[in-house]
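In the two assemblies presented below, chain A is common to both, partnered first by chain B and then by chain C.
For the complex of A and B:
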């Protein structure tokens, strides 16, 4: 490893958030990012926006200056089978005048313009950093607008400074909870579930829904992938909540347990093992032999289909080393398992928003020597990538240049991706995604592998 | 002809799919173009994260931006504590030569005294006292990324340019290129060289945002304008400032002229014969040399191609959208090749936008719909009415171009759905030639594809 990369030091205030399996020591997580550390995390606003984003028949309007709305425009791969309203970027585009005189008039005008024209089933009004500071009473405007148009108009209290993405998730859950329990559940059957924390990236919710339909379980609402307001309103009729992205939606699941008595289970649909486990968990919950039998048949058939093809990938990928840095730790767990199925080893695993329980589980399943890191930054990630000499980096757009600059293969496992990676078929896609980068001929020529310098000459 | 002139009295409305992003992004882009400079945003950490992601999607390079990561407390009591800690951490990690500090809507709204804060932090913390902090005010509720960009250039110049700075080693020209591609930056330097001058390009992100594959991770991407060069800008032969909107306020070039008698040549972006001729005229005047034969030959070939293609372009109507400087230059260029830019839209509201356009447009602006402060919704309405044959704009115009079946020629920032925007040359005779060929071919391709016969010769 070059001196330049070796010399990158971990900030004193972050040392507890870096842990190596086998070296012991306490591990710190679930805290505010250190100022100036160039965290990969976004803010509370972002957290609320991404969770609510896929609700496709709702109006999402960002109250604030233009940036927050503009950077979010059509940013995610959350698909809708019907309305596409969520793929727009609506903003009050607050200007200096409103900073001085307040933005209520503009927000009111924007809602009065958009709701009659677009006829959404509900509206979410996101407060950005400056809204509270200029004294706008967003709650009151939402109440009045709701009465005026007869649709739920729900404030999302998510100024960026309120905290990390995690706090934004909480704000989003609070907002969704205002819809739940307001719809008619008379048509919801006894074998019914909700999928929480499933955002239908590249159509994944459709794949998962199909599994459950095949075994006779009804999916009442997906929150929020391919989301519809009316489905969410009757979600309390379901008998079980499956929580996939636990970081974003466990709060809502707990709330639904308290208010509607619906139990929840944390699951993951990434990788074959975890997908099978999730299906069995749901089937087992209903204590219905027919359902369980169907579940077994489904899993057997799907794995039978996928496994032989996976073996071909495994032959090519076995022994390669992977680094992963993702949003939530539950996904990280699944990825470690999924990489193992490909014969690959995880040598660096990190997340933006994992909590103590998540990390404990992650530490358990990782191999000795694995680096586990919370709320990391580009310099640390680059340092570890070089130290561990990894062959593959799994992350999102912000991590991609770290990998590519250093001549490391990359797999996008963030919400911007266009390829479904969930479920059994998703495992094959994942293998293909990994292989298409790791096995590329280009790595042979990059400085890290060629032994030639950046100029390409000895 | 139509224009929104009454900004204060215009009806309130929602912004739908904005044609702009916020000012801090422009400032960050400038900071990326100064050697050893780390961009730092004083506000919530989401601002930095969003801007990083947005720029990475365009440039596909590492874009590390630090943040003071405001908390709720900081929003109430002021962010000086976090600012100081953030700057300290950023210096420890990145070892920058300087830090470019841009404000956000949050820090501006709470009225942070940046000058005092910077002074205090440099006084108190030993480590920060050696690192210059250059401050630019970029509230997101004022202007757009375009204004933020120009403001940061001026902040750099006024911060560093000094009467006592050493003279340049060789004849030197200042170029303030505006927000252009990496290829354009390289070409501008080459042009200065052809007139026997070194160029101080501010900013110059041609290497930092389009660099080689690395053998080690660089804390700060190699390249950029050196601080020593900026210090001596007052000792250059002259300044060339590209961008029509710069003529309406005190720009960096105007300041250098006022302070150090460096003659300033405020020009539009050199696209098209007339604007390129003006640039060559300025370079000839500053250097005292005639335009080299090689450039005259490029000019000759460009003009020849105008003639060869003019029948393809006759009667063609185009809609142009993007940063104001780009829109004005592009519209002027189109008007000289026989394409009518029937819509000129920009997301921000620059002063004298209409007058600037009117001054550059062959054939007047009678038939031109000029839309400052536009969003893509208003642009779409204008496009539906004017039915142009071509849209020239950023990737963000894709949804409307796709919906209306009109070819989109991608130009400007951001390009998120095509490859190689950094390498797109549009300036100078050579760049105009490349742009001209792309425009002609986009029209020919559309004609061929929408024609049932499929002529082989066009």
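For the complex of A and C:
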């Protein structure tokens, strides 16, 4: 361990945000990052952008200076079976002139240039940090543009300073809710659900949809994976909402419960156990014997297919230790379970944006000694990784090179990937991803394991 | 993803589609990482900092540490004074950098935070100690591009720290411009080979291309030291490469410490490298060593070996002005026809320069500044090319045009490793460029030619 990592203390104001199972003490989360910390978190704009991004037949236009639009260009693995419009980067590229005279004219012109040409079903206008400050009335422009072209033009109010990604999720939910309830539901059947918080990363929504179709449940809308405006407009016809990635879409589910009386269930499609549980929950909800029977058969068949192959992975991976640092806590929960299925143990679990309930659940399923952190930073993560001597780190883009520098295997579990990890088949992909990094011989050569630097070669 | 692009070009007044630039702060962050022991600090919402770090990490495959003022709603109204002061206190307590380099974002610029005043006040109030160094640079993201941010950071660093003691030393300052860490290594190697004494600033080698040590170092060993930056004021000359990235810094040093400067294009390709070698020869009053001459002759040898495959090949190139102009020069030297040259960075000088370079070989060149990848794609549709050169996003254009030969060059490249390890600067770097370009041509032929036409010997 380097001197730096050994001696690093935890920022005084962050002490409550680190917790060790078995030590007690209160756990603090859901707060703004401390000014001056190397936080791994993004902002509200980012949150709203990633949630709405997969709606493929809508126009997404970022109103603000170029940066925010540039960093978001095609960085998500959310697939579309039809239009690819969402993968382009449209923005107003606000420059000095607009800072002085306001950006309304430019935004209006941008919408006028795009909507007649691309003919989107709806348009989302994202306001970034400075739009409010230069006095642009985005709401009014959206209203007028909407009237002009006869499509919904929806403002997304999530400037970065509003807070963490969570607040952006909330803004995205508000925007989507403006579409829900505006479509015709006469063709929606009685056995019908929506999938919320499923972004069709690497086609995961398609796999999940297929499960439900096989057991006779209709999926009205996925929000927002492979999303279509017209599906969202009639989503209120569904009888049940399944909420995945709870952090981002529970707010919308609650709203739909209030306004349209649709109950919701929190589920996860990550790992075999959780996938099976999710399917049974939906099937059980409709109290239909045939559906339940089909569900049982489906789960049996799928697991039967995957299990023998999984055993092979388990033999190789059993006893390895994992650390995870992901966006939402629900994902962390599923990962702990899935790693267990591979015979691995989670010794460090952290998230960027978990809330109190999430962390309570996380604490319950972790083994004693597990460290739980909220809104961590590289030095802290490095310290815990070394302390716990982990074999695998699961995280996102900013954690990957840190893990590699420490000599620890890494598995990418963010939304840029294009390998499906959800559902039963996804479990095999997950196992393969983990194995391909953990079992690499390169870790034998790194100083941490070999105990040797160059002197070992000499 | 870009299959829908049409050949019909409509002038756009207000819209940016698929940018060929990004915002200033990321450039400031990159330049600040080239200072030894420096913590870049982003004075704005936490999203900016997260985006910039992620983007740099994706390109360099290295951890990037930087801090943020984490603006809140309150700060967006009342200014970020409290945030910055608290941030500075926290950074020095926990992360112990040698220096903090504060840059602004669109938000703090529009609010009008007076950074020097805030730093001054923090000092007066004892929140930062006398020996804790803080500098600042203004990087409004609605002006210029990421290259402007790089340039501003370099110039401000000099303004803060370079000094002249009155005694001129036999040292040459080398300003490399925004190039890869591998390129900075190459510049240092060549300067050593020439036998001159030099200071390279900034220097990201050893920071963003470190080896595996088994440690996470927040401040890797590389980077120009503060002593060196200070001493630059005593050097007798500056060789500044890449006008857009380096000119401001060179002028600042000239103004502040009377160090005369020579402005060169980036040493990419034959004649630009000649100019660099010549400038070092004149500055150091040294003969060009045989080893450098040999490198040059090997480049010419390779150029002659491959000349027939280059003749009149049509090339489209996009990226940052310094890179694109230097490389366009080399393309012409290799008898190729640069028919389209695009940058997202504003500035008419770019267009004039490209036209001048291409005046003989390709007077019809379409040169555009303040443009974007969508325009580039449309021009290619109207005037198909044999080769596309540009950053990683170019692959979507290449794919949409039938997988035309494509060479990655510029920033960002998020899907390959070579750029961070192998330089494209100097004579040997030019050889690597020839290798990449001819490989692209030959691979294309091998993939697409009918079996009987495939040539074993080329």
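The working rule: the second predicted complex is superposed on the first by the 449 of 458 C-alpha atoms of A that agree within 3 Å, B and C clash if a C-alpha of one lies under 4 Å from a C-alpha of the other, contacts with A are read in each partner's own complex, and residues count from 1 in each chain.
Definition applied: a residue touches a chain if its C-beta (ideal position, glycine included) is under 8 Å from a C-beta of that chain, and two chains touch if they have at least 3 such contacts.
Predicted model only: the values in this text are computed from it and were never measured.
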| item | value |
| --- | --- |
| Joint occupancy of chain A by chain B and chain C, clash or fit | clash |
| Touched partner set for A:134, first chain B, second chain C, both or neither | both |
| Which of chain B and chain C A:106 touches, first, second, both or neither | both |
| Touching partner for A:361 - first (chain B), second (chain C), both, neither | neither |
| Partner chain(s) touched by A:255 [first = chain B, second = chain C, both, neither] | neither |
| First, second, both or neither for A:419, with chain B first and chain C second | neither |
| Contacts of A:92 with chain B and chain C, given as first, second, both or neither | both |
| First, second, both or neither for A:38, with chain B first and chain C second | both |
| Residues of chain A that lie at the interface with chain B and also at the interface with chain C | 1-2, 4-5, 8-9, 11, 13, 32-46, 64-71, 73-74, 87-96, 98-99, 105-106, 109-110, 113-114, 128-130, 132-134, 159-164, 378-379, 382, 397-398, 400-402, 404-407, 446-448 |
| Parts of chain B lying in touch with chain A, wherever the complex brings them together | 8, 11-18, 20-22, 24-25, 40, 43-54, 56-57, 60-72, 74-75, 82-83, 85-94, 104-106, 108-110, 139-142, 144, 211-219, 347, 375, 396, 399 |
| Complex interface listing, chain C residues touching chain A | 1-4, 10, 12-19, 21-23, 25-26, 41, 44-55, 57-58, 61-73, 75-76, 83-84, 86-91, 93-95, 105-107, 110-111, 140-143, 145, 210, 212-218, 344, 346, 374, 393, 396 |
| Complex contact set, residues of chain A against chain B | 1-5, 8-9, 11, 13, 32-46, 61, 64-74, 87-99, 105-106, 109-110, 113-114, 128-130, 132-134, 159-164, 377-379, 382-383, 385-386, 397-398, 400-402, 404-407, 446-448, 453-455 |
| For the chain A and chain C complex, residues of the former touching the latter | 1-2, 4-5, 8-9, 11, 13, 32-46, 64-71, 73-74, 84-85, 87-96, 98-99, 105-110, 113-114, 117, 128-130, 132-134, 159-164, 378-379, 382, 397-398, 400-402, 404-407, 446-448 |
